[in-house]
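Next, two complexes with chain A in common: one pairs it with chain B, the other with chain C.
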Partner chain A sequence: MLDARVLDGRSMVRRRVGVRLWLSALWLGVLCLGALLAPWIAPHDPLAQDLFLGRMPPIWVAGAEPGYWLGTDSLGRDVLSRLLHGARVALLVALAAGSITCLIGATLGLLAGFLRGWVDLVISRLIDIWMAFPPILFSILLIAVLGPSLTSIIIAIVVIDWTRFARVVRAEAMAQGAMDYVASARVAGRGRVGTMLREILPNVLPTIVVLLTLEMGIAVIVEAILSFVNLSISTDDPTWGGMISEGRTSIHQAWWVLVFPLIALFLTVLAFSQLGEGLKDRFDPVLR
Partner chain B sequence: MSFLSIRNLSVRLKNGPPLLRRVSLDVAAGEVRGLVGESGAGKSMIGKAVLGILPPSVQITEGEIFLDGTDLLRLPPKESRRRIGASCALIPQDPLTALNPSHRIGPQITDRLVDILGWTRANADARARDLLAEVQIADPDRVLRSYPHELSGGMRQRILIASAFAAEPKLIVADEPTTALDVTVQKQILRLIAGMQARHGTALLFVTHDLGVVSKVCQRLSVLYSGLVVEDSTVPEFFASPSHAYSAALLAATPKYTDPDAGLHPVPEAVVNAVRAEVAAFDRGPAHG
Partner chain C sequence: MPFLRILLLRLLTTLVTLAGVAVIVFFVIRVVPGNPIAMMLPPGATDEDIARLSALYGLDKPLITQFGIWLSGVMQGDFGTSITTRQPVLGLVLGRLPATLELAIMALVMAVLIGGAAALIGTRGRGTRTEGAIDVVNGMALSVPDFLWGLVLMLVFGVLFPVFHISGRVTPSLDLPFTTNFYLFESLIRLRFDLWADLVAHMFMPALALAIPLAAIIGQLLKQSLKETMNLDYVTLARTKGYGETHVIMHEALRNAVLPTLTLVGVQFTFLIGGTVIIERLFSYEGLGNMAIDAVINRDLPLIQGIVILFAVIFTAVNLIVDLLYTVLNPRLRHA
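What follows is the complex of A and B.
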């Protein structure tokens, strides 16, 4: 006889998603803690140079210097400490840029998709025009105008990426708006805003959450790209992109300077996207 | 005057063809009127126009919709919304998309009563429980706590019916309420709607393409072809002797369960051509047919 749980695929989907969700939440949690506590738990000053300790390998490789867990870069700065301090920048950009982008993009998308008519026309044309700009060049131009700083990076990401939210949320709101329950709500006398917030928004929310986490991952990458080309905060302050850029020049002598920030970047972006997938299934009442 | 009275209602796609051609019909208080026609004849469009939920791509070009003696189309939008909300309700076609998947059943029925009509929460909750019992749902308390996806299609249609009757509306537009359901469930749902309608004395505008359904539920019916009302008569009259050639052919086309070997009788081409010519003549003519 067949087990009912085997027939019901949903329970299996949820179990697999559960692992991904918890692993990514775990990594992001550790990262957040590390970033928050960086000034206290970082073993060394991330800016302190010591030319006698240049290019020390990680602790498990022969010739390592005790106390420098992930080795040092060519100027003798501790890689682990720089990673932890770099995480502060990465997460700050992810949270700030991600949520502001989400707020602006999702609001415009929701308005366009639900109100239709001229509102939709204006917002859709705006999206079309916006997307004609090449994003990387656009961001470099923006930073050049605003001057390199953390705020400029966040502004650049928001200005460029709101269309990502607006487009998807608009389409989703349109699809939900055609459902009979929206018609019923309108017949019952619910106003436009009430219908949008009560009937449409809860059904678009899972999509928004997924996009938000993806956007946080993208923000981390963009910040890394911009600091890689020295358009981020001042070059003294540690950022993952800056570390990758510096590590690239000495890859044959000291691979660890390049590899550890790359791993951190990779895991963080992966964790954000997997977190989104997992949360979507948590939010979705059909899979709940 | 009838509770709902539609006079010369014309609706067209913006910059497109007409969808309703000077439609007039009345629904008296407590009466059930069937709206019959092929797909695309404009049956649902009439219901949507009455409830003020026409899609934005469609516009009303002329006519009046009197609800309880007041022309809805002359009222400011807010006021007409309020009147529709206070005295009308909708039983939608597809029970799968007619309940919001994000909310539990209970609030979906009660929130409108509380937020819009000003009921107390306790009254609304009690009302919802009574209604679910009235539509023969065995365990109302459990169902009220459920999400739509946890319930079957027939169950959801029962909930939609209960929800439509919640505020004791004077008029309900039922837009093909049985089309999306299993044949065996259809009959129960039909009986349920007819029973509820009789008990509550609600007028019903029943949109369907199934003449069998009309004969069971309705007292009067309008037959539409391409947005033109070709027949408006009482149900006994219609089934005894339809007055229009097209509606006669439509009636003849209904399969008879009593004689399964009889084969199908599609509407003859000559009749279709005749009624098309009528529509064309209407569009050409000095618009007074």
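What follows is the complex of A and C.
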């Protein structure tokens, strides 16, 4: 009597996770496509200003200007075109910052967790120091030091967020290192580095992939926050954070300038994290 | 003895951490391009003027010497003089601290209330649609960071249904009779409920934005440990005594389920404090975080240093307190 219900419930949960996973992948796919094709499918030049067309509402609202689907901002720039071009920056940052952070953080975590000793001591103390910084403030500070550019944003994200990977991977490598299979690999004559790369790494990899997916979502947010504070790439280039920042100032006159980039950002962050959660449920016995 | 040793050890590592923060902040900031002194002076200033003012702020000495001077000052509670306002950094920072503390604590209270309620309702209706709905909402609240919740709240409660203020800490035209900067607290003490209401109407959205992700974490973890506790024998015993489900949850299970959540809340609270920086900016709330961003934009080196150090002190202090509380509260560790 019990089994049927439990099994049913479980398959329900599985299916729901499946749907969320596919919806997230779908949104990210559409976004990638939009970003890649932005120069060809964007209806207008994202930088073209037209003061006569300032603050035009979206197409379904009375008083809209035909051809400007999602309306225009206070300088008469097309919101949809800026959104598409902004997606390029967001996804570029997500990919570049996410993977570099992952590479550096996971390497340090693996070294600390497997080698232990003074390596672990130094890396753990560094993690402690990093955790004592307010992350947003630290990133703003770094951008001020490095000067606003795409590279600076990526560097800032890597510098702030490597601890996310290092902490989890370190703990995981430590747990794996204590297991019998590692000892037998050593007995069978594998060296330390060989054991780390051939035995430990494959077992930690699912955890790393999940963290990477989550980190991409975080990177998109950090980029938006930095461009909101006006420290992102040059103010001309359209970014979602920059659009939100503009929208914040005209929130009572033109809600659409704020709402559409906000929706895009919201869905993207949600999609990355749902994708991470979904992958976690499928592949990773540890984080689950 | 063990407790004292743990305490000393933790104090020592905390000091090492803070020293590390001080070194990193000091040297990272010195690499900032753009001469802050040149920005202070009117356009017609000569090189001589710049040199004289640099000497006044000690910016002409070698970096190591500057660090030594700054560090010995910090030890004596002197964090230097802000370059933009020309006032002592410590005074400026402590003047803004109450605003940020009030915001953070308000957010914490909201998170505990919302998260706690979600956990209790979810446990009460476990296995039903109610629990499913709570899980879905929790999942969403958890995946989206405070910055985005702030913007969503601003649109809903600031524009669509304008019930709360979207910027500032208090209506500027109001006459404030306060002697401290703990406005919210002092307005209650002085029984000025009109001012209190105005402060809350300003604080509500930023605090809620900070609270939502934390509330989701509390809700999830507390529900999980409540559900585990509900299967224990002593809870079953209470049930056989004839107590209702709600009574069993509130009076029997909650007490034992709350400890893991408590430690997590401590750690997450530091993240919440870190989040105040951008949330204060978003809602133009006059706290420490907003001041920090202005300081970065104005290249006000001494002020940036002071604020970052203060944040680091708060973070490490919260972590320290949580660790010690955990040692005190957890009987297994206490008698070890």
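Here is the rule we go by: the second predicted complex is superposed on the first by the 265 of 288 C-alpha atoms of A that agree within 3 Å, B and C clash if a C-alpha of one lies under 4 Å from a C-alpha of the other, contacts with A are read in each partner's own complex, and residues count from 1 in each chain.
In the analysis below, contacts are C-beta pairs under 8 Å (C-beta built on N, C-alpha and C of every residue); 3 or more make two chains touch, one makes a residue touch a chain.
Everything quoted here is computed from the prediction, not taken from an experiment.
*Asks:* Of the two partner chains, chain B (first) and chain C (second), which one does A:Met131 touch, if any: first, second, both, or neither?
*Replies:* After superposing on A, A:Met131 lies in contact with chain C but is clear of chain B.
*Asks:* Answer with first, second, both or neither: which of chain B and chain C does A:Ala173 touch in the superposed model?
*Replies:* A:Ala173 sits against neither chain B nor chain C.
*Asks:* Regarding the shared-chain residue A:Leu270, is it in contact with chain B (first), chain C (second), both, or neither?
*Replies:* A:Leu270 sits against chain C, while chain B stays out of touch.
*Asks:* Touching A:Ile251, do we find chain B (first), chain C (second), both, or neither?
*Replies:* Touch partner of A:Ile251: chain C, not chain B.
*Asks:* Mind working out whether A:Ala224 is in touch with chain B, chain C, both or neither, as first, second, both or neither?
*Replies:* second
*Asks:* Now for A:Gly189: first (chain B), second (chain C), both, or neither, which partner does it touch?
*Replies:* In the superposition, A:Gly189 touches chain B alone.
*Asks:* Between chain B and chain C, whom does A:Ala97 touch in the aligned arrangement: first, second, both, or neither?
*Replies:* After superposing on A, A:Ala97 lies clear of both chain B and chain C.
*Asks:* Give the label of whichever partner, chain B or chain C, reaches more residues of chain A.
*Replies:* Between chain B and chain C, C touches the greater number of residues in chain A.
*Asks:* Determine where on chain A the residues touched by chain B overlap those touched by chain C, and list them.
*Replies:* On chain A, no residue contacts both chain B in one structure and chain C in the other.
*Asks:* Note which residues of chain B are touching chain A in the complex, please.
*Replies:* Residues 48, 51-53, 56, 81-82, 84-86, 88-90, 92-94, 97-103, 108, 111-112, 115-116, 147, 149, 160, 163, 167 of chain B touch chain A in their complex.
*Asks:* Taking the touch rule as given, give the residues of chain A at its contact with chain C in the complex, in rising order.
*Replies:* Within the complex, chain A touches chain C at residues 9, 125-126, 128-129, 131-138, 140-142, 144-145, 147, 217-218, 221, 224-225, 228-229, 244, 248, 251-252, 255, 258-259, 262, 265-266, 269-270, 273-274, 277.
*Asks:* Along chain C, where are the residues that touch chain A in the complex?
*Replies:* Listed in rising order, the residues are 13, 16-18, 20-21, 24, 28-29, 31-33, 127, 139-140, 142-145, 147-148, 151-152, 154-155, 158-159, 166, 270, 273-275, 277-278, 281-282, 289, 292-293, 296-297, 299, 304, 307-308, 311-312, 315-316, 319.
*Asks:* With touch defined as at the start, can you tell me which chain A residues reach chain B in the complex?
*Replies:* For chain A paired with chain B, touching residues are 116-117, 179-181, 183-191, 194, 198-199, 202-203, 205, 285-286, 288.
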